[in-house]
Amino acid sequence: MEQVNAIELKHVTKRFGEVTANDNVSLTLKKGEILSILGENGSGKTTLMNMLSGIYFPDEGEIRINGNAVTIRSPKDSFSLGIGMIHQHFKLINILTAAENIILGLPGEKKIKMPQVVEEINALTRKYGFDLNPMQKIYDMSVSQKQTVEIIKVLYRGADILILDEPTAVLTPHETTKLFQVLKNMKEDGKSIIIITHKLNEVLELSDRISVLRKGTYINTVETKDATVESLTEMMVGEKVSLDIKRTKPTNQKKRIEVCNINCRNKEGLPVLTDASFIAYSGEILGVAGISGSGQKELLESIAGLQKLESGQIFYHTPEETIEDLTKLSADVIKEKGVRLAFVPEDRLGMGLVGSMDLTDNMMIRSYKDGRSFLVDRKKPRKLASKIVEQLKVVTPKLETPVRRLSGGNVQKVLVGREIALNPTVLMVAYPVRGLDINSSYTIYNLLNEEKKKGHAVICVIEDLDVLLELCDRILVLNSGKITGVVDARSTNKEELGLLMTGTGEEKHKDE
Amino acid sequence: MDLLLTFIQKAIGQGIAILFGATGEIVTEKSGNLNLGIPGIMYMGGISGLMGAFFYEKNVANPIPLIGLFISFLMTFIVSALGGFIYSFLTITLRANQNVVGLALTTFGVGFGNFFGGSISKLAGGVGQISVKTTAAAFRASVPVLNKIPIIGDLLFSYGFLTYLAIIISLSMTYFLKHTRKGLNLRAVGEDPATADAAGINVTRYKYSATVMGAAIAGLGGLYFVMEYYGGTWSNNGFGDRGWLAIALVILALWNPNNAIWGSFLFGGLYILYIYLPGLTRATQELCKMLPYLVTIVVLIISSKRNKHESQPPSSLGKAYFREER
Amino acid sequence: GCGSSATKESSSDTIQTQSSESASGDTQDDASAIKVGIMYIGDENEGYTESHMKGIQEMKTALGLTDEQVIEKTNIPEDESAYDAAVDLADQGCNIIFANSFGQESYMMQAAEEFPEVQFAHATGYQAASSGLSNMHNYFTSIYEARFVTGVVAGLKLNELIENGTITAEQAKIGYVGAFPYAEVVSGYTSFYLGAKSVCPTATMEVQYTNSWADMSGEAEVASQLIANGAKLISQHADTTGAPSACEQAGVPNVGYNVDMTSVAPDSALTSAYNNWAPYYTYAVKSVIDGTKMDVNWCQGFAEGAVGITALNEKVVAAGSAEKVAQVEAAIKDGSLHVFDTTTFTIGGKSLEDLIAEGGDYAKYADYVSDGYFHESELASSPSFDLRIDGITELTE
Amino acid sequence: MSKDIVLLNKEPFIRMVKRDSITTVKAWFIRMIAVILALIVAALVIVAITKQNPIEVYLGMIDGAVGSKRRLWVTIREILAMLCIAVGLTPAFKMKFWNIGAEGQILMGGTAAAAFMIYFSDKLPSGILLIVIIIVSSIAGLIWGIIPAFFKAYFNTNETLFTLMLNYVAMQIVTFCIVFWENPTGSNTVGIINSATKAGWFPSLFGNVYGLNVVLVLLLTTAIAIYMKYSKHGYEISVVGESEFTAEYAGINVKKVILRTMMVSGAICGFAGSLIVSGASHTISTSTAGGRGFTAIIVAWMAKFNPIAMILVSALLIFMQQGSVQIATQFGLNENASDIITGIIIFFLIGCEFFINYQVELRKKSKEGK
């Protein structure tokens, strides 16, 4: 008997209004393999998977699971076919506990027997080597803990086919390694897995085969052993692209931002930044490293005037060599002082952009106050919007499309484009390439480098240590709110950074 | 002593209608639907129960109390559920704006109540002539034997069965939401329908059931008012703004039906306090009537300072859900 | 019988309003050409308005008017809508327009000024005489007469309770649910009290206001409070069945207003005082038809059949009530009994005459008091007795 | 495999797909159909519950609303009041500040207007008095709006409930004032204020008593339309409404915007109070707002916060309301029937928006395979 495939997609098409997200895509997942799906942002990976998980319904095409043609009308149908999907954005209910999230929607006795459920979950976590407190509330969890809940949720349901949509986008390298170990265990267990990720080294490390999508169409599937980063990129983009960052020597370095002994606390009153001091110079890229939640966000937000400081001071050295005290000034006051500070926050649609507004209106967020007039001027922002769409190759049906509809990569391009358009003397970016495909990521790196060349100070938080080492001039390392070191990116290595990040390394300040 | 006893009794009496409304609205809101039509639905529930009993007593020579009670209960249940269904169809299936549908439903429901109230008034031979005394007596019947105990009897056992039902419903709703699978699923739907959907919960079905059920429960508040409180008669707009207070109570109770119980008694008490406070002038009486609202505001401000995750409204409250929307 | 000259006058009036439509001066035609407008504060679901509607209906039958000749507007609030409604009725060719709520009076006057050829009649108001408008009229009933009689029924009931030993003579306290501390209400509860006291001398009364004309739940709550406060019998001047309904539950006898309360209080309602507006409406419309001059102030009671009490609830009333009622009614009709007989009450222990003689605040009542009684509703149609007499306590200060 | 294989071969019978865009003509066509359907359903209801000829009932409504010049003007006056309130609510709702307290803001504005008419009629010349009245009533509404805004901004207090409760507080304040202003004592009616001098009344304009109402409300509507769409304030309101974090990031002082917007919103609703008191009723009572504050929410939402569309929507609702007065008179049809009909029409109108935003697809005939 011939071996049946776990999943077969045949000629599947899905449109959203004018956008064709998937165009006649055919794809196969063999039993017991790990298949990676690659594609640029907006190439339709999530859409394709969502048709398997019952979120979307295909316009055309056929789906076969274990050799049988099926119709998946809802997530429930999908579960009953043994498919479990871990979505790109966590699908967890914040106010519920892990255990409650895990048993959500499952049949069973009317009354919930919580101790029993907890026991079952603990059995699973033991089996696969997770670390999870089933009674913990989701809102108290870190991203990796949430990720764990998502995976256990799928396992608890007894899924045979697992789909993971960019599970590593928000994980640290260490966490990623752990996750991959789990996935390999599951494969050993006979489960079939599809994983979507933009990190090509992960793809090469983990998967058996790789399928590539481009602009909604299926390109090809290759055996992992035959693939390289370059070949995959070419398949994705459709042409050869160079994947190196041209780092130049910093020139004409002057103090730009000076942070002295700042302290701040989060909403729960716990310290998130303790006695942090550092200097950012013009004409350099200062990288910020640290495991997630070490105070990176607060550090940038403090400078941007979005974080309440308990103590400490922040100074801005103007190109004209005067000093502005930014301590305890709010964002609007900083702007009024004429300080050209650009900031790309971590939360793109929750902070950097307004999801329901179109590109033009999003362009105005930082500049609408310009001019004396009581009325806003929309001419300039509209021009800027079309310029960014053109220069950064933003994929959008039209300028009037709400940015919420764009894919993650395009959203990020819009945001970075706008901030750079401010012609800032200081550019701060948090996780600039999170969720971005490799091509877009390099576009962003190049933009940062250009800013640096213009003599601007660039501060960027990046979780990928390889990129940090390749892109930055100096790297500042945070560990639970303390700066454990500022090192020269050219002379340090991953191990050193890792030690500083976990706080086991000795404090290091190479530039002082 | 007598005064205090009567005051407590009447405060509870005033509170029960609000309690039904609040419990119904809590169940509804837990599914993410903000049903501002509850005030209207309570009118619809009240009048249909009354009409059921009225036509029964009118057409039967010797009406049997229990049958009258059953008919009116059923009528209320069906008609108010229907009100909830209209709301559900428009907001869940047609994804219309919840605020507009709710407010329009209130207009509709109050009109519905007053219209039919007037119509059966006419049939009965004029204002105040509607009489469903047999049925009303059944609704008003207090707990036998126990109600004879001095003080305790008055305080605890002098009410009709709807009063106890209101409390039982609230308690069991709290249990349902906290300890059952369906309750958990419902909460998930109200928090984040996309997540609930992805977990295989039939979001539409939960939203429909909770909203229709919630409306039916709220409608019982109308029935209580018309039958137990008024003794089976109708007065236009007689239910007043209690439906709105019920919605207010939901927030005050932090979406917990158990809290709504004491909250409704508090509201009830403050509602009639002006009658019991001695030495008030007409003007100060009017100021005293502000109390339920002012107290609500004060409690609201105090509780807003504690920003606990669990005491927030369901996060998807007021929003329509469309699976393919992003 | 109406003089023919008067008829002519009126017909010329009609011609003015209806312009070229009809030039006929014939009396017969006048009855069929006349148009009557009425605006009510409420509708048939509200007791007070319902009684006016009945009056209009009877007037229609009595004068043989067709449905088209009477335009009824319901639910007209006491604001600019009252004016809108009044002028709209005038625009539609009404020759006489009635309004039944106090707050509509100023708007009626506004309209009356604009339409001098249309007659405007307003119930419960007081400004017609002083308005300087010849087409503005006020009307009301001597409802205090009926209240006095219902007071007698209540007093007899109290006597029965005392005799039964259910209560002592000192406990004979009446609770009264009032709408507003307004002459109409004060006059009403005083007459009720005087009626009760005329048969049960130890009776006292407590009045609590609801601050609303129709607030079913408020009335029920006030009644409950009065009962808890020791009232053994409840009466009301408020428009709903709220109080009787609460009394029924508490088993306390009660006297209603406007409508028969036995439907909601079969085992506790004694009787109700009611208005009969038919005599006035018939009179007023007939005056317009006949072209005779209408009273600027019209107020009638038992004599004209403008007030009455509903059938006694034999289950509840004290024995002999019917006879006593008949006797008192007759006495009021023939003028041998005056409700506000100044010998039957005191104020602060003093008689009203003495107080008037003393001057001060009471001097203004001099015009009303003569021949040993207070001439209620004789100088103006609306009630004017607003004195707080001994034996009655207002719980609202 | 541990689990049974579930074979699902049925495609859903109907599916909904979000429309990308729809032509204006098509959208209005759908709305027209909705209105017609609504009228048909309402007609059935009329026949069922009243046994009246529905066509005549509708004709009666038209007659009642616009049948004479005077009726037309009454209808216009009511439309203006409704429009004014809906326009006032717009900034707040755009900011996602659920202000259901227009009722209270109107009452406070009305009370302020009445107070000045009563106490200052002989102290100020009438032109100045009128201006003062408009200003103080706006301030009164503003105060009633800024209280919940303050607590929202600084304590994140739920504004829905807060504003709702303030409605009742305002109601009690009015009753309280009436105890002092009523004439005669105990009557609970204030009567026409300054009926002789007309001090503080809106004067006639262009020979029409409601001329000034028209001018003021239309000016206000235009101003707010511009304010919301083209002004920096309007832009800030939209950003704050979408996300407070974004607003802070954009350098918007969120607290200030919340306060300022509710000041604008409250002030307009307060002004509506003077529009009703000084410009129409010349009295004050608890029914001065008369539920308009709630209906205006429906108006604002149905118009999708477009002030110009609000003119249409409020015209439609007021038309129904004024028409119903006539049908009550003409057919003895209880006025509450009109609430039922209005409800039905609103249900259809908001229901039809679905067909403008979504496309419904029926199951395709057959599919290849088994």
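Per-chain numbering from 1; labels A, B, C and D assigned in written order.
Basically, a residue touches a chain if its C-beta (ideal position, glycine included) is under 8 Å from a C-beta of that chain, and two chains touch if they have at least 3 such contacts.
Chain by chain, the UniProt names read as follows: A = ABC transporter ATP-binding protein; B, D = ABC transporter permease.
Quick caveat, the model's predicted, so the values are computed rather than measured.
Here C-D and B-D are compared, and the pair linked by more C-beta contacts is B-D.
In this assembly, the C-alpha centroid of chain C lies 39 Å from the C-alpha centroid of chain D (ABC transporter permease). Taking the mean of the C-alpha atoms as each chain's centre, chain B (ABC transporter permease) and chain D (ABC transporter permease) sit 26 Å apart. Mean C-alpha positions place chain B (ABC transporter permease) and chain C at a centre distance of 38 Å. Centroid to centroid, with C-alpha atoms defining each point, chain A and chain C lie 79 Å apart.
Residue positions of chain A touching 2 or more other chains, listed in rising order: 16. Looking at chain C, one finds that residues 43-45, 180-181, 211 touch two or more other chains. Shared contact sites, meaning residues of chain B (ABC transporter permease) that touch two or more other chains, fall at 114, 118, 236, 282, 286, 324.
Pairwise chain contacts present here: A-B, A-D, B-C, B-D, C-D [touch as defined]. Per the touch definition, chain B (ABC transporter permease) reaches chain D (ABC transporter permease) in the complex via residues 86, 90, 93-97, 99-101, 103-115, 118-119, 236, 241, 244, 247-248, 251-252, 282-283, 286-287, 289-290, 292-294, 296-297, 300-301, 304-305, 307, 313, 322, 324-325.
Those residues of chain D (ABC transporter permease) that touch chain C in the shared complex are 68, 70-71, 74, 175, 184-189, 191-192, 195, 280-283, 285, 287-288, 290, 325, 328-329, 332, 334-335.
Residue ranges of chain A in contact with chain D (ABC transporter permease), taken from their complex: 16-18, 57, 62, 65-66, 68-73, 77, 80-82, 158, 160, 304-306, 330-332, 334-335, 343, 345, 347, 350-357, 361, 364-366, 368-369, 373-376, 397. Note for the complex: chain D (ABC transporter permease) touches chain B (ABC transporter permease) at residues 16-18, 49, 98, 151, 155-158, 160-162, 164-166, 168-169, 172-173, 175-176, 179-180, 294-295, 297-298, 301-302, 334, 336-340, 342-344, 346-347, 350-351, 353-354, 357-358.
Residues 42-47, 50, 180-181, 208-209, 211, 214-217, 220-222, 224-225, 227-230, 240-242, 245, 248-249, 258-261, 263-264, 266, 395-397 of chain C are the ones that touch chain B (ABC transporter permease) when the two sit in their complex.
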